[in-house]
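Next up, some structures in C-alpha cells.
Next come two complexes, and both contain subunit A; in the first it sits with subunit B, in the second with subunit C.
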Partner chain A sequence: MSSLCLQRLQEERKKWRKDHPFGFFAKPTKKQDGSLNLQRWEAGIPGKEGTLWHEGVYPLTIEYPDEYPSKPPKVKLPAGFYHPNVYPSGTICLSILNEDQDWRPAITLKQICLGIQDLLDSPNPNSPAQEPAWRAFSKNKAEYEKKIALQAKQYSK
Partner chain B sequence: MDLGNNEMFLSNDMLHEKQGHNSLIEDNIITSINNSRRGSLVTQDSEFELDDALLTGSDLDYDYEDELDDMIVLPITNAKRKQINEGGVPNLEYECLTTKDIFNRMLERVNHLQPIFSLPLEDIIILMQHYDWNEERLLEKWTDKMDDLLTEIGLIHENGNLTVNERGVALKEDFECGICCEVKSVEVFSLECGHEYCIECYRRYIQGRLHSGNIITCMGCSVALKNEDIDEIMGYESSNKLMYSSIKSFVSKHHRNYKWCPYTDCKCIIHLDDTSSLSEYSRLHYSPFVKCNALHRFCFSCGFEIHAPADCDITNAWIKKARKESENLNWVLSNTKECPKCSVNIEKDGGCNHMVCSSCKYEFCWICEGEWAPHGKSFYQCTLYKNEDGKYNKSSSQEANKLMKKYTFYYRMFNEHEVSAKLDWKLGQTVGIKVKSLQEKIGVSWIEGQFLAESLRTLNEGRTALKWSFAVAFYSDPSHNLTKIFVDNQALLSKAVEDLSELLQIKDPELIMRRKPDFYNKAGYVQNRTNALMECGRDLLCKGICKLTD
Partner chain C sequence: MARQSNIVRIVGNDSYEKLRSTKCLLVGAGGIGSELLKDLILMEFGEIHIVDLDTIDLSNLNRQFLFRQRDIKQPKSTTAVKAVQHFNNSKLVPYQGNIMDSTQFPLHWFGQFDVIFNALDNLAARRYVNKMSQFLSTPLLESGTAGFDGYIQPIIPGKTECFDCTKKETPKTFPVCTIRSTPSQPIHCIVWAKNFLFNQLFNAETNPNLNEEDEEENKDWGTTDLDEINRIRQETNELQELQNIVVSQQENRIHEIIEKLFVHDINKLLLIENLWKTRTEPTPLDITNIQNVSDEPSKKLNLSEIWTINDQVQQLVHVTKKLMKRMPKEQNHIEFDKDDQDTLEFVATTANIRSHIFNIPIKSVFDIKQIAGNIIPAIATTNAIVAGLSSLISLRVLNLLKYAPIKSPTDLNMAFTAKASNLSTNRYLSNPKLAPSSCNCPVCSKVVRGVVSVSSTKYASLTLQNLVDLIKDKYEYTDEISVLDTKNQRLLADFDFDDLLNKTLNDINLTDGTVIMFTDEDEDENGLCHKPLELYLDITETLPTGLDIRLPELEIPLVKAITSEEATAEEEEELSVEKNLTEENIIVLDEEEPSTKKRKIELEDEQAAKKTKSEVEDVIELD
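Moving on, here comes the complex of A and B:
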C-alpha cells in the first residue's frame, strides 16, 4: 500500500469519527492478525426518513485500491441487492464512483455514503445495472415498491 | 526494379519457357498495389477524372468525417484527383503523418476558430478536445447554448463566477491538503473554484491522467485545467503529452480515415481522405496497400501487413484460425468479444450489457453486438440473440481431424516463410554494410550500390506474397485446375525467392559487383513471379474457387 493511500485513509477515519451523518456507520475491517485493514471497510447506510427505504440499514463494503485517491474505491452492496443501479454482484453504478466520470480525489467517505443514500430512493433509469429492479421500476411501480418495502424489512435494524 | 531487364532474363531462364501457361498472367503486372509508383503515373484524361471525383464524393461518409475534410487541409494540391490504373481500381491518394503533424493542424484550426469564439486559445483547445476535435459539432452546440457548454466543460465555474479566486500556484504556510491530509508549508495550486491542494498531489494526479487524452479537472470539482496550468504544475511542455494522447484517441475514433502503421515502434499514421474507392478494391479482391514514410507497406483496410495474394477476408479468416488453434487464445475467444467497430477484444466484467469500448468509445449491446442507441429504453429486450454454441460442433470429429491435418500442413508452410522472412530481415542488416564496403573498397557510388537494397526489398515482397499464398491455397478448391496452376506458381516463386536469397548471401564486394546483372535478373524474376502469383490468387478469389466456408 502506498503511503499516500494509507495516510489519506487514516485521515478519512479520523474525520469520520469526529463527524458523520446520523444513523450511518463505517469502520475498517480487521486482518487475521487483528490489525486494521484500512483498504477494506464495512459501512451501513440508513434509508432516508419518509421513504420506503427508511426502515433498513443497508450494509456496504468499501475497497480502496492502492492508487486511491487517484482512483475511486469500489463500493458494493450485498450480492442480489434489489435496486435498478446495482449490478447482480452488488457493485454500485454511480457516477462519483467512476474514474472516467465524476470521481475526484477530494471526494470523502462522507460524500460517498450520502451519495449512495440519495441513490437508494432516486434511481437513475438511464443506467440500468440489473434487470428485475429496472423492469419493475419502469413498468410496474406497485410491484417495485412492494419489493423495496420487503427488502427494507429484511435489512431493518 | 527496372523492368527493362526482363528480356535479358527471359532468354536465360529455362524454367520460364517450360511453364507456358503462365505467360499470360505474367504480362499482366499489377501496378495498382504498387503505390510507390504512384507519382510516376501521369493523368491522361483530366476531364474524366474531375467528373469521377464529383460522382464518387464522400457522400457515404459520416458527418464527422466530412468535417475532417475541412479540418485537415491536405498539403498535396492534387490530392482530390483520381486515377484509374491498369488494374481497374482507382489509385489511393493518401498521406503519411505523425501525431505531431496532426496536432499542428489542430492548432491551425484552433487559430482559425479564435475570431469566432473570442476566447483565449487555451479555452478553445479544451472545447475542441471535449468534442474530439470536431469543429462542426462544437460550433453547433456553441450557437445553441454557449453558457451551458462552458459550464459543462468546466471553463466557467458553476456559480458563474469566474474571477473570485485566482488561478495558479501560491506558497502557503501550515497548509492542510485535503488529498494527502498532510500539514506542511508547501506550494498550493488552485483554479477559479478556490479548491486548494498541494502541488505534489496535483502532480501525482495529473501524471496519472496525461495519457488518457481526456480533459483534466480540478481534484475537487469540474473546473478544467488548461494546458498552461498543466505546464505550470508539471513543467514546460508537459501538456503536449496530454495533447498527443488526445490526438491518439482522435485517430482511433476516426479509424476509417486514419490507420496506424502496424509495424513495431513505427509512429506513422496513414491518412486516407476519400475512402469511397475502398469498396471497389474489395469487390475486385485487391487490397488497398499503402506505404508509410518508414517504407513499411500495409493494407489500409485491415491494418495488417501486405497480404496479397490473399484478400482481407481470407487474411482475417486465416489469422483467426491460427489464433483459434492456439491454446492461449482459447480463453480470449470464449470470454471476450470484439468491438464491432474497432475490433479490440473486450472482456465483460460487469453485469450490464451496455458496453462502451474503452478504445474507440463505441457503445454497443453485448448480446447482439449491435449499436446501443436503439436499445435505449427497452433494456434486455434484445431479440437479436444469436446462438453461436454448437456452430463448431457441426462437422463430425473425423472430418474435423482431416481438416486439422490440412490446416496444419498449410500453416507449417506459412510459418516457414514467416521465419525465413525474419531471417531475411537480419540479412538486410548486413546489406547496408555491404553497400558501404562497395563504396569504400571499389569506389562504387552510393546510387550504384542501391541495387542491393532493392533486391532485398523485392525478396521481402516475394517472401510475403509466398507466405500469404498458403492461406489462399488452404481455402481453395484443390480439385480445380486453376488451383493447380496456382500451386505451380507457388513453386516457381519459391524457387525464385530461394535463388535471390542465396545471391544476397555473397559477402565479397568485388564478386557482388561482378554479379550485378544476376541481381537484376533474379530480382526481376522474383518480381514477375510475385505479380503472377498475386494475379493468379486474385483470379481464384474472383472466380469463387477460393472462398471461406463456415
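Moving on, here comes the complex of A and C:
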C-alpha cells in the first residue's frame, strides 16, 4: 500500500468521526493480531425513512485497494442480497464505485454510504446485476415489494 | 592502466581520489543492474555493494550479459560479482536478499553509502528504497525501462522530487459487470477465460462456495447462505459440476462444458433484456460447431493466425482433454502459465469463442499470449542506455565534474525517452532539470521523519502507551495521537481504539526496523494540527550510557488538519490529462506487480505542459 493510501484512509476515519449521517456506522475491521485494518471496513446503512427499506440496517464491507484513492473501494452487501443492482456475491453496481465511470479520488466514505442508501430505494433498472430482483422489480412490483419488506425485517436493527 | 587514466582525465585527480573513496549501493543485479555494475566498475567507484533477491533464469540470459547458461539457478548478486572480477578495480560486496528485509538491511546499514542506485523491477521495493533514502538524506538514482522506453531520475532528499512525488499509474482493472456480463473488448474475454474460467475448472481448490478471498471475477459466483435465491445456488452447483467433469476426466462430457458456457449461460444473459437495450446482443455459439468436433487431433494450426470458430472449438476440446489428463498428476491444480501451451491454448480458445459470441474481434494465440502474459519485451539496449545515464549523472550528483558544477540540486537533470513522454518524435531523450519536491507528496513533504533508538533492555519493557507518552511530551502534542505501523499497514491506536496501548512493542510485533507513524488527532481552533511524524524503530546497543531511549530532535510544524480535498481536486485534473494520453496503451490486469506503469512528470522546460512518461521494470522476456 502506498503512503498516499494510508494517509488518506486515516483522514477518512477522521472525517467520519467529525461528521457522519445519523444512523450510519463505519469502522475498520480488526486484524488477527488485534490491530485495525484500515483497508477493510465494516459499515451499516439504515434504510430511508418512509420507504420499504426503513426497518433495516444493511451491513456493508468496504475494501480499499492499494491504489486507493486512484481506484475506488470495493463495496459489498451480504452475498445473496436482494436488489436489482447487487450481484449475487453482494458486490454493488454503482457508478461512483466504478473506476471507468464516476469514481473520483475526492469521493468520501460519507458520500459512498449516502449513495448506497439512495440506491436501495431507487434501483437503476438499466444496470441489472442479478436476475430475480431485477425481474420482479420490472415485471412484478407486488412480489418485489414483498421481498424487500421481508429482507428489511431480516436486517432490522 | 589505460582505463584509470581515462577516468582521471575526465574527472581530474582530486575527484578521482574522491571516487575511489566513494561507497555505493546497487539495488538489483538484473537487466539494468548488470549494466550498471559494469559501468560503476569502469568508473572505479571505491566500493560497490550489490543486493539482489533473485536467482538466474534462462530467460535472463539474452540481456543480462554477466550470466551464462552454467549460472542458471545461481544467485544474481554473487554470480555478477564473480563475472566482473577480471576487470574489476573496486571492492565488491554481494548480498542475496530482499532489500526490504530490515533484519538483513537495517537503516544504519543503508547509512554507510554515499549514493544509492536503484535497478529494480517492482514498485514496492522502489518505494521502500526511496523512503530509506529520505530517512538518511542519501542521494538516490532511480531508473527503469519498458521495452524501448526508459528513464533515470536523481533524487536529492529534501531538495528535489522523490519517487513518490509523482503519481504512479497502476494497471487498469475491469468492473465485474464487464467481465461477467457485458464484455466489449478482447481483453475482457481474456480476463474472463484466464482469471475466472480457467481457475474454476482446473483448480479443485477453487470451491465456488468458499471463494471470498479469490480474485474479483470469482467472487461474483460466491454465495454463502440465504437459500432464497435458488438461481445462484443452481449456478454454483452447475460450476461445481463442470469442475467434477474435469476432475473425473469424463472426456465424453467436454461438449457439456462448452454448451453450458457458450450456449446456456449466454441464453440466460439474454433474458436480462435491459442489458441489451444499448448494446448488441450476444449470439450463443451455434450448436453445430460443437457437434462437428471430430475425434481426430486437430490439424496443425498456426499460432500467429486467426483461427475459424470451428477450429477454436476443435482445439478447445483437444486441449481440454490434455489438461484433464494432467489433473491427477498435478494434484488437481493447474495454474495458468503463458509458457504452458495447454493452458495458453485453453485460455485463447475460450476467450476467442466468447469474443465471437459478443461480436468482438478474435485474436491469434500469439497475441493472446502477450496480453495474458502481460509482456513487454525487455530490450538490452534500453537497459544499457539507462544504466549509462544513471552512472554518468551520479558524477554530477556527487559533484565530481569540475566543469559542470552543481550549485543547487535543481541544476541536475533527469532523463527519459522522448517517445515515452509523447514529447517529441524526432528526439530520443529529454532531460529536464529536476523539480523541487512536491508539497503534496505523502512521502517527502507531508511527514516529518526521524529515528527512534531504543536499547534492547528498554525495548523489552516498553509499552505502546509509554512510547506515545514520550512522544506527546517531547513534541508537545496536546491530546490524542494515532499510531500506525506503516511497514505492516496496521492501525495500532487511535481515538476510538486503545486495546493495544498496554502491550509492549515486542508483544505487538513492532520489531527492529519497523516504521511507525504518529498522527495528531486533534486540531486547534484554526484547524491546524501537528504534521504526521514517521519514526524508524532502531533497537540498538550503541546509545550513550545512561540513555535507554532517544527521540530525534525535530521541529514538527503545524499544518492544516484535513488536506485531501484540494490535493485530490488537483489530482483529478491531472488524471484527466493522463487518461487522454494513455487510454490506448493500458494493459491489464491482475498480476501482483504491474508490468506497465506510467508516471507523470512536470516539465520545467519550454513545453511546460503536462506529459506522461513511462517508467518501468525490466520485465519478463518473450522467449
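Here, the second predicted complex is superposed on the first by the 157 of 157 C-alpha atoms of A that agree within 3 Å, B and C clash if a C-alpha of one lies under 4 Å from a C-alpha of the other, contacts with A are read in each partner's own complex, and residues count from 1 in each chain.
Note that contacts are C-beta pairs under 8 Å (C-beta built on N, C-alpha and C of every residue); 3 or more make two chains touch, one makes a residue touch a chain.
All values reported here derive from a predicted model rather than from experimental measurement.
After alignment on the shared subunit A, the placement of subunit B and subunit C results in a clash.
With both structures placed on the common chain, the touch criterion links A:Ala79 to subunit C but leaves subunit B unconnected. Taking subunit A as the reference, the larger set of touched residues comes from C, when subunit B and subunit C are compared.
In the superposition on chain A, A:Glu145 contacts neither subunit B nor subunit C. When the two structures are aligned on the shared chain, A:Arg8 is found in touch with subunit B and with subunit C.
Touch criterion met: A:Pro128 reaches subunit B and subunit C at once. In the superposed model, A:Leu38 makes contact with subunit C only, not with subunit B.
By the touch criterion defined above, A:Asn98 lies against subunit C but remains apart from subunit B after alignment on the C-alpha atoms of chain A. Remark: of the candidate stretches 204-212, 420-428, 438-446 or 510-518 in subunit B, the one overlapping subunit C after superposition on chain A is 204-212. Put simply, subunit A uses residues 4, 7-8, 10-11, 67, 69-70, 87-89, 91, 93, 100, 104-106, 127-131, 134, 138 to touch subunit B in one complex and subunit C in the other. By the touch rule above, subunit A contacts subunit C in their complex via residues 1-4, 6-8, 10-11, 13-15, 17, 27-28, 31, 33-39, 66-67, 69-71, 74, 78-80, 82, 87-89, 91, 93, 98-100, 104-106, 125-132, 134, 138.
By the touch rule above, subunit C contacts subunit A in their complex via residues 127, 164, 167-170, 172-178, 180, 216, 219-226, 228-229, 231-232, 235, 268, 271-272, 274-275, 277-278, 442-443, 446-447, 482, 484-486, 489-492, 494-497, 499-500, 508-509, 517, 519, 521, 532, 561-565, 568-569, 571-572, 575.
Within the complex, the subunit B residues that touch subunit A are 178-182, 195, 197, 201, 204-205, 208, 214, 217-222, 350-352, 354, 377, 379-380. By the touch criterion stated above, subunit A contacts subunit B in their complex at residues 4, 7-8, 10-11, 67, 69-70, 87-89, 91, 93, 100, 102, 104-107, 127-131, 134-135, 138.
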